[in-house]
Amino acid sequence: MRHATSQRIEALPAPVQGIAQTILDWIPLGIVVVLWELVSGTVVAESILPPPTAVSSLLVELVVTGEVFSHLFISLFRIAVGLGLSILIGVLLGIGMARSDPVEDFFDIFLSMTYPIPKTALVPLAILWLGVGTETAILIVFLACLLPIVLNAYNAANDVNQSLVWAAQMMGTDERSMLYKVVFPATIPEIMTGVRQAVPIAFVALVSAELIASNQGIGYLILTSGQIGNYPRMFANIVIISAVAFVAVRGFEEVRNRVLVWT
Amino acid sequence: MDGRVTISELEKVYGEGPERTKAIEDLSFEVEGGEFVSVVGPSGCGKSTLLYLIAGFLDTTSGTIAVDDTPISGPGTDRGVVFQDYALFPWRTVFENVTYGLEENDIPKEERQSIAQKYIDLVDLDGFEDKYPKELSGGMKQRVGIARTLAYEPKILLMDEPFGALDQPLREALQDQLRDIWDDLGKTIVFITHDVEEAVYLSERVLIMTRHPGTRKSVAEIDLDRSRTREEIVTSDEFAQYKNSVWRSLHEETQTEVTL
Amino acid sequence: MDVTSETQSGFDLSRLVELGKSVYSLVIVLVLWELVGQFELIHYYFLPPLSDIILRFIELTLSGDMLYNAYLTLYRALVGLAIASVFGVLVGVLSARNDLVDWFFDPIIKIGYPVPIISLIPVFMLWFGIGDISKIIMVAVGTFWPVAVNARDSTQQVQQNLVWAAQMMGTSDRRLLRRVVFPAALPGIITGFQIAMPLSLIITFVFEMVAGGGGLGALEIQGVRSFQSTQTYAAIIAVMFIGIGLDRGLRLIRSRLLHWT
């Protein structure tokens, strides 16, 4: 069937082809949305499942009036700081462990022990220490992203092509310069992959923290809209954070492609 | 049992629109039943494509391929393939890989055991029946590939540069083993290689393909007295002559390539 | 001098040193923890001494509370994961083999992927309440995606030569899936489970922390709210055991099942 339809698309003139293909790709979702609209208010109570029309008009309203922006900003700020710190420390730690045995011996056991623990389990502990608010959220995001990045950086540093190191050595590079002139640049592609993987993790961690331990942010908005019964608003906020997460991942991939011109 | 392969005006085109490439153009060739034929040609001439077309893995764009006058349609148990990358099932032991074809063809269990053992012994892998592919060297894996394909006794053997990834001594040993098997079983063999010496050493005829888009350039008849030892054959004058003539023909096709 | 016994003790000693090198940092931290707690260098609420925490852990275990809550959490996470596994593998493998299925599910998979599943917890609370069923369904929905995506990708990436080899030896299209495609895709499918497992725990914990209803997540939060920080720490230790246990368990299953890799 695929073959038949793709043949028919090929038959169309070039500019129309792209549009036709896009329409075809999105039909299943279109069907879902249409069903959603029909089911809401009829089969299922409107309060439980607000129709897409209500959600999208609210969405527009929220964006236009800027109500949601302060919360969105807080959420993004928390992710940026948490992720940023985890990249900074994670890369240093990972490369350090790969290049130096004593460093590895010291930290290895902590990493192996905490690896299987989902970091969101530490939210209550974070509340214990830092109370409710931005610090807690940042801490959770930081902890959740740290391990994947350390692991990636560690593997990347270990996988550095030995020939590159030897070439640098023969040209007179000492260990310190080796680290930032050879090892670090060689590991950047793999590290970026690790960061790419950490981004969705950061969002999950953020929302977790905001649902439990926050008075601000999109997660908090989702929770409270649900609690006061404003369901269209709840759905609208979910759409917002999902869209942001999607853009964040795509955006990062663009950045990665720009930065990694040599791969 | 014949195993005659008839290829008529074969054409294979990939892709559509601006990316359209013709891999094979107007190729006609016939392999007699029980014959050992090699196919050589410059890189990208479509040798492997030709093999996969005969095997039925790929569809022709036009032209026909027939086995004993019956046109083929898709893969079949009359044409067995030995792959360049072995294509062994990693989750099955050597023994289980060899019995796979027998299982698919409803051979009863006791018979499967004895047939599989026979072919495992034939390729000198007895003792390794319970090993997994991950535990084997390249040469051993290739031998399993050969045993597996022989076990369910297809009429025709199609071999895609089977010894390409192996080192010289191993390659020579396997070549000799293959000749012995061919002497024993008398199957039709179509053997793809880029190694001219290998083609001349092994086969009765060599099909030389032109460069892309590949078609039949010439066919060399190889008439060597193969009752001699390897060394005798390889150092003989006739061998050198055949080799040179095939090589020259092949070299003409690569002539226009950029030189460093 | 007996050379053999000297070599033997030398061997043991070096192994001991290796062990020491890998755990010394942990030991230092634990000792410091205990000391800091005992001398109340940090307020008791924030950092009780390790011994008190361990005591509380034993207390809760003996009273059955710890086991009961651990059981609740595990039950919710694993049942949800099991449901997601069945559907995920089905949809994933079929999407890779059948164009129609792929056309239908591909956009659904693409859209669902970036949604932080956690943000749907309030929605699920609305739709299914705050009980076990709600949590199980949430875990099932949340873990569906990594399982399905991994199943689909690993099925798609099965080497063409393996399929061709099977076909040339007489395998019908119907049998291909079971005989060749599935075993070849199995490593990737299991990787999907390994990714989904921690996710199932995350979803369960957060749901428990937000909605209550027992479980280790609820136990932790309760410790914070009732100013019994030892309870929170003790629950976290339980989480650690469970996390390590499940991870090891899954790895064992993987190496048994995939002994041929």
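When the chains are written out, they are named A, B and C in that same order, and each has its own residue count from 1.
In this section, contacts are C-beta pairs under 8 Å (C-beta built on N, C-alpha and C of every residue); 3 or more make two chains touch, one makes a residue touch a chain.
These numbers were taken from a predicted model, which means no experiment stands behind them.
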- Message: If each hop has to land on a touching chain, what is the smallest number of hops from chain B to chain C?
- Response: 1
- Query: Which one of the chains is farthest from chain A, going by Cα centres?
  - Reply: B
- If you average the CA atoms of chain A and of chain B, how many Å lie between those two points? 50
- So how far apart, in whole Å, are chain A and chain C when each is placed at the average of its C-alpha atoms? 19
- Task: Two or more other chains in contact with one residue: find those residues in chain B.
- Result: none
- Query: Counting only residues that touch at least 2 other chains, which ones in chain A make the list?
  - Reply: none
- Tell me, which parts of chain C touch chain B in their complex? 159, 161-162, 164-171, 175, 180, 183-184, 186, 259-261
- Query: How about chain A: which of its residues touch chain C in the complex?
  - Reply: 1-2, 25-26, 28-29, 32, 48, 105-110, 113-118, 120-125, 127-129, 200, 203-204, 206-208, 211-212, 218-219, 222-223, 225-227, 231, 234-235, 237-238, 241-242, 245-246, 249
- Once bound in the complex, which stretches of chain C touch chain A? 21-26, 29, 45-46, 99-100, 103-108, 111, 114-123, 125-127, 198, 201-202, 205-206, 209-210, 216-217, 220-221, 223-224, 229, 232-233, 235-236, 239-240, 243-244, 246-247
- Query: In their shared complex, at which residues does chain B touch chain C?
  - Reply: 52, 55-57, 74-77, 79-81, 83, 85, 87, 89-92, 100-101, 104-105, 132-134, 148-149, 152, 154
